[in-house]
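Two complexes come next, and they have one chain in common, chain A, joined by chain B in the first and chain C in the second.
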Partner chain A sequence: MSKTTTPREPLFHIVKRDELTAKQATMIRVAAIIIGLIVCAIITTILTGDNPIKVYQTIFKGAFGTTRKTWITLQNMSILLIISLALTPAFKMQFWNIGGEGQVLMGGLAAASCMILMGDKLPNAVIIIAMIVSSIVAGAVWGLIPAIFKAKWNTNETLATLMMNYIATQLVAYFTILWEVPKGSGKIGIINQDSHAGWLPEVGNKYLLPIIIAVLITVFIYIYQKYTKHGYEISVVGESENTARYIGIKVEKVIIRTMLLSGAICGVAGLLLSGGINHTITTTIVDGQGFTAVMVSWLAKFNPITMVATSALIILMDRGAGEISTTFGLNESFADILTGVLLFFIIGCEFFIRYKLSFRKSNGKEVKA
Partner chain B sequence: MIDLVAFIPRAVQQGVPLLFGSTGETITEKSGNLNLGIPGVMYVGAISGVIGSFFYEQACTGSEMNGFLAITIPLLCSLIGSLLMGLLYCFLTVTLRANQNVTGLAMTTFGVGFGNFFGGSLIRISGADVPSIALSRTSGYFSKALPFASSLGGFGKIFLSYGFLAYVSIIIALYTSYLFKHTRVGLHLRSVGESPATADAAGVNVILYKYLATCIGCMVAGLGGLYYVMDYACGVWSNDAFGDRGWLAIALVIFTIWKPDIGILSSILFGGLYILYLYLPTGMDHMEYKELYKMLPYIVTMIVLVITSMRNKRENQPPASLGTNYFREER
Partner chain C sequence: MSDTAETAVSFRGVTKTFGGKVIANKDVNLDVHKGEILSLLGENGSGKTTLMNMLAGIYFPDEGQIYIQGKEVVIKSPKDAFDLGIGMVHQHFKLIDVFTATENIVLGLEGKLNIKDAKQRILEICDKYGFEIDPDKKIYDMSVSEKQTIEIIKVLYRGAQILILDEPTAVLTPQETEKLFMVMRNMKADGKSIIIITHKLHEVKAISDRVAILRKGEFIGDMITADSTEQQMTDMMVGRAVKLNIERKEPKNAKPRITVDNLNVRDMEGIYKLKNVSFTANSGEVLGIAGISGCGQKELLEAIAGLQKIESGSILYSQDDKPDKQLVGMDPRAIKELGVALSFVPEDRLGMGLVANMDLSDNMMLRSFRDGKSRFFTDRKSPRGLAKNIVEELEVVTPSIETPVRRLSGGNVQKVLVGREIASSPSVLMTAYAVRGLDINSSYTIYDLINKQKENGTAVIFVGEDLDVLLELSDRILVLCGGEVSGIVDGKTTDKNELGLLMTKKGGDNNE
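Here is the complex of A and B:
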């Protein structure tokens, strides 16, 4: 029992890196994405028996195979980008808003209800203005509720926003049955199919409007975060609430204001989804993008410009894997598996950006790896 | 009024997956890991069990199934499946120190996709000659009630009519609760969750505890998925049928203020709320009210969440280091 052993020096240990240059960090991330893509191809090959090169071709074909597919890819990308941008200011102040799903859904519900209730009774311009205002307000309110709880009583926002998602889903389910066409079908169907009342106007072609709005919001968030007083306050609160209090920032006010903005932009995404793209409302119209957006935003390190690339990557995988599953008669959830695998690699690679391993040399001295 | 003898067993059946999930998540959270991947883990636990028993049933088409194997094979497959998910989460968050929220959400995306993919494509991939995944024979073993349940009337129906996994879930919850409060392991685990640096200084192996707690937590949660598909759903896999129960299990952890023994009754309560809409009178022309009733579990959770944070009692708080990763050299 009294035997003592000298602790053996471990084979390697982990040290924090000095700040990497942006170029080196990007190299590591790109390498992780490439390895992830290779693993995805291997999985696809095992399941379908297709050769890996063909797999990439199929992915590419699914996303950009025809002009129409390219436009849809861009459109999906811009919706995901808008939601990710909406969540970003909140994440930057360490407010884990995973309620994007509910906030978008409420925006969509507000837009759809304007279309249904006002359609053919008021001039189109009035309806559209009402839709814009109401969906922004609806999204903002859905973001505001957890923010008030957080600001007042420090209620855990991750779970509060999560619950708000399901309350929103059930509200949509309620109104779906209330307004279902025809009765008993359980869905609303295309709203105002003949009159097109409340359909957002087409700019150029029917895919362009969300793309333009996504570009505008990207620029806005970039400037908002980088060059305004609000943006500065957000990053101070995110770094340390105590510091923020010390220098006289009203933390509660910042939390509430930021979540209003976050919810409002989510509301815009809802408006586009229901008034501009689908012209209907269903409980699954957001399709989990509120959650995907969390990852998109985080992967981009909350930088709006990088977010364009990360949302493109996710949508590309999604559309591509969709094409693979139709080609080979597989289940469409295949896309989720591939996206998941890719995400694990990107999440894991952050470690190598922040830390490095230093190995033990046989004579006890360390070498840097 | 509601027929309680019919209602309670259904509430319990709804509650058991939630109990497994929330006990698993509580064990995980006690070590300071907030695993938002639990919904995915439960899907993986369910589908792994389904894959195991699917092949076993295929292997004994026409011949008698061995009861012991019929239970052990899906059980082991399910445990291994969720263990692998747990290891993945730990490797990313504990070893590679990745953000826990993002890792968890990615695991949910992956896990739900994994479940639905194999649920939808298993038959095609394995080339089996069956129309759908209906493991009624395996399910028969899982949902076998105690033999004297039916002879005891209402009492038997409320307390004894469940498959063995339901009782397992209660035993696990009670044991976990004992473990937290009365054993050295529990004390160490709680200290890791409250202040990993202090635990480390006291000689507790923080990394090991985080790994063990998260992996065991995932395995327990995975059993919830297995119970759902084998017992509640009678062995029939349908995509997305498990729904948002995983998230509800995470909410339940807060509802029970990190105490698995409270979880037993709360999960049954949640199970009841989950299906209450089937029992409340709505009339034929107001079907839409059912959708509002379905909101109840979430609204109740929200209220509890706000109230616990308002009262701010020290013993009702989450583990202090929840959601943050530990690195010894980072002080």
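Here is the complex of A and C:
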């Protein structure tokens, strides 16, 4: 037999792993974050010449440097967390609700309109109740419309929810002109600045209310998904509509019910933004968080508890961005680069949780043959 | 191993593991001779398909060598395999529906494309081996057996000398199987080596020259088919003696349980899937349903289960002296609330009967999650208990009841599903292809479970594809052909030939 072609194994091949234990998977994720931070440090040094440790410190200081900064960070975090939690049941059902932005905005608009139309005419308690009810209903309706289309005619929910965002923005733009103060300014400004009518009451300090609500919703969604019949139905519908029908779950009903909930919680976020934090409504009040929340929810694999960490990471980087831009004279986008690199590692490590590379063993084989 | 014949393929010390723990093949030494038909026999998960996939370039062995015509080779991809003259016909066809036979066959070949020449060559291949196909027919117009023919021609067209057929007969009627075997004999006469994976022992006897047996990933031994019996093969495969017949007791106290009358079902395009179907399923009896796949079996079971839109007709449920209940227009939940204990083991186990990503105990909950004291919260304790029971009683091999069912092997998945469905002591049990892809041991476990239900007075409707099993298990056999009932025969007196004819006879006597 000729020895002209020595067969060689490929250098490495990709092998599916056996399922890892939760602990091993966590180790891989932690390792990924550490490697990500190291890569970020290298990039920082190369691009800016600044000391990466200092940059990290500054980012941290930007978020938690003073008591006030810490409270704002926590408040921002809770709004992002609430929106992420709102989207999660829909995602669990594999209903890709990317209309969080619009649902929050509608909630905010409803709350703001109560403040404007009822302010100083009705008792404050009545106004606030009206705000709560109307913002929840408005958010829910914004979630309901694409859900009905999906349930009845199986339309693509991604497109429908996305388009609903633009309608919401236009509606807010319309009412902004209608209610602008002063005329011609193109904005509503702080509503009821003197009477504070319809301003959500402060609990403890002015930052705490959204935080408390975020904690409550986190617990609620966790229990709802894990221990209730509704939550179970959502998982079954998400995994397989065929199975759902097979056991007599009405898929249409579950889709509509879940999107009502998803939209309603978004409405609460809108209520907090407009009635509790900003006391106004603008087209940009949600600031893209309806989309950021998609990422937060996915990164946490739809686990409400993990979502606390993922929303913290995003907000930390976001808050730190401003700080490093002033301290180091860096562009604010620099923090985005760092966030991007970190996310790359966090998401990329999922590959290594599922697969491993198996390298060619050195020579041993040829000797044996 | 004999050295008299020239070897086409040799495996030497081939080992393949998945994720380090699951050993699919361990130190396999196996020879395939030139011009022979070798049956590869083994239970589910014994590593037959994995071993063949390594030959076809889909997997790469962890250890060991493969020799083709005596030369050591490295097969890194299906293309390498083709270049070495190895072709594999998989269980699931890989064809493009909107393309013609010819287009599918030449798809992926390099060089200039000349459809006319290709067609000529295809016809030559057909002539040589006795295939019957129309090269211009589109795949979506083809029957399963025609599609399989295309797959086989595809590998022959690429000049395969070594063919691997993975459970080719699972989807064929007896007549089609006979045709396939004829073609295989022609290919063998032409000097090709054929490896066939099958679970059906009588087919092993009918077609192969030699049988190689794998058990738990290891090569156990081989024997000349002509010199061995089915019992010997089974014992070697399982590793201990197995009883090879299904007990069929006389139905006791059989009374109508489900009466289907003039049932019509049409699909979305308005084509009749079931036409004027009428029959009765009795309590304490197994009603077998035979037919070529896609003849309305799925629609019939789903219609009874409340999953199918029914155009006209009636499905009556009778029990004891209670008034009959009409099941048409009910969904599964409404049927349950009527007090009808109807269990259904669907064909698509992981896509319908179970949720692949959920664990055993959550899958038990599918049937019971609405029960329990609380209106809002699920009761997780009883499903866990049920899961534990099923794992113990049916000997389900699983790391734990928290393991997602997708990680279980086919036989264990089916045990979990059947176990759950019979746990509610059903009055009607419907199973679709309950033993498809299952090895002998698991299959017999399922037959036993079905027989036990029959003894308990359940009306069992058993849709099957293996006629031998249908003949042994069923008290009566209903044959569907093109959505119509072409005959209802007595399971004890009929034979395979009669069934085969009924399966291809449209509409019964009166319609011809």
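In this section, the second predicted complex is superposed on the first by the 330 of 369 C-alpha atoms of A that agree within 3 Å, B and C clash if a C-alpha of one lies under 4 Å from a C-alpha of the other, contacts with A are read in each partner's own complex, and residues count from 1 in each chain.
Simple rule for what comes next: contacts are C-beta pairs under 8 Å (C-beta built on N, C-alpha and C of every residue); 3 or more make two chains touch, one makes a residue touch a chain.
Here the structure is a predicted model, which means the values were calculated and not measured.
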Partner chain in contact with A:Glu239 - chain B first, chain C second, else both or neither: second
First (chain B), second (chain C), both or neither touched by A:Thr292: first
Partner chain(s) touched by A:Leu122 [first = chain B, second = chain C, both, neither]: neither
Which superposed partner A:Val133 touches (first chain B, second chain C, both, neither): neither
Residue contacts on chain A - larger count, chain B or chain C: B
Touched partner set for A:Gly340, first chain B, second chain C, both or neither: first
Touched partner set for A:Leu208, first chain B, second chain C, both or neither: neither
Partner chain in contact with A:Ile72 - chain B first, chain C second, else both or neither: neither
Which of chain B and chain C A:Ile35 touches, first, second, both or neither: neither
Which superposed partner A:Val251 touches (first chain B, second chain C, both, neither): neither
Set intersection of chain A contacts, chain C complex versus chain B complex: 15-16
Residues of chain B that touch chain A when the two form their complex: 34, 36, 88, 91-92, 95-99, 101-103, 105-117, 119-121, 124-125, 239, 244, 247, 250-251, 254, 287-289, 291-292, 294-295, 298-299, 301-302, 305-306, 309-310, 312, 318, 327, 329-330
Residue numbers on chain A that touch chain C, as the complex places them: 1, 7-10, 13, 15-19, 227-233, 235-236, 239-240, 242-243, 245-250, 358, 365, 369
Complex contacts: residues of chain A adjacent to chain B: 14-16, 47, 96, 98, 149, 153-156, 158-160, 162-164, 166-167, 170-171, 173-178, 288, 291-292, 294-295, 298-299, 329-337, 339-341, 343-344, 347-348, 350-351, 354-355
Chain C residues touching chain A - in the complex, by the definition given at the top: 18-22, 60, 62-63, 65, 70-74, 76, 305-307, 331-336, 344, 346, 348, 351-358, 362, 365-367, 369-370, 375-378, 380, 407
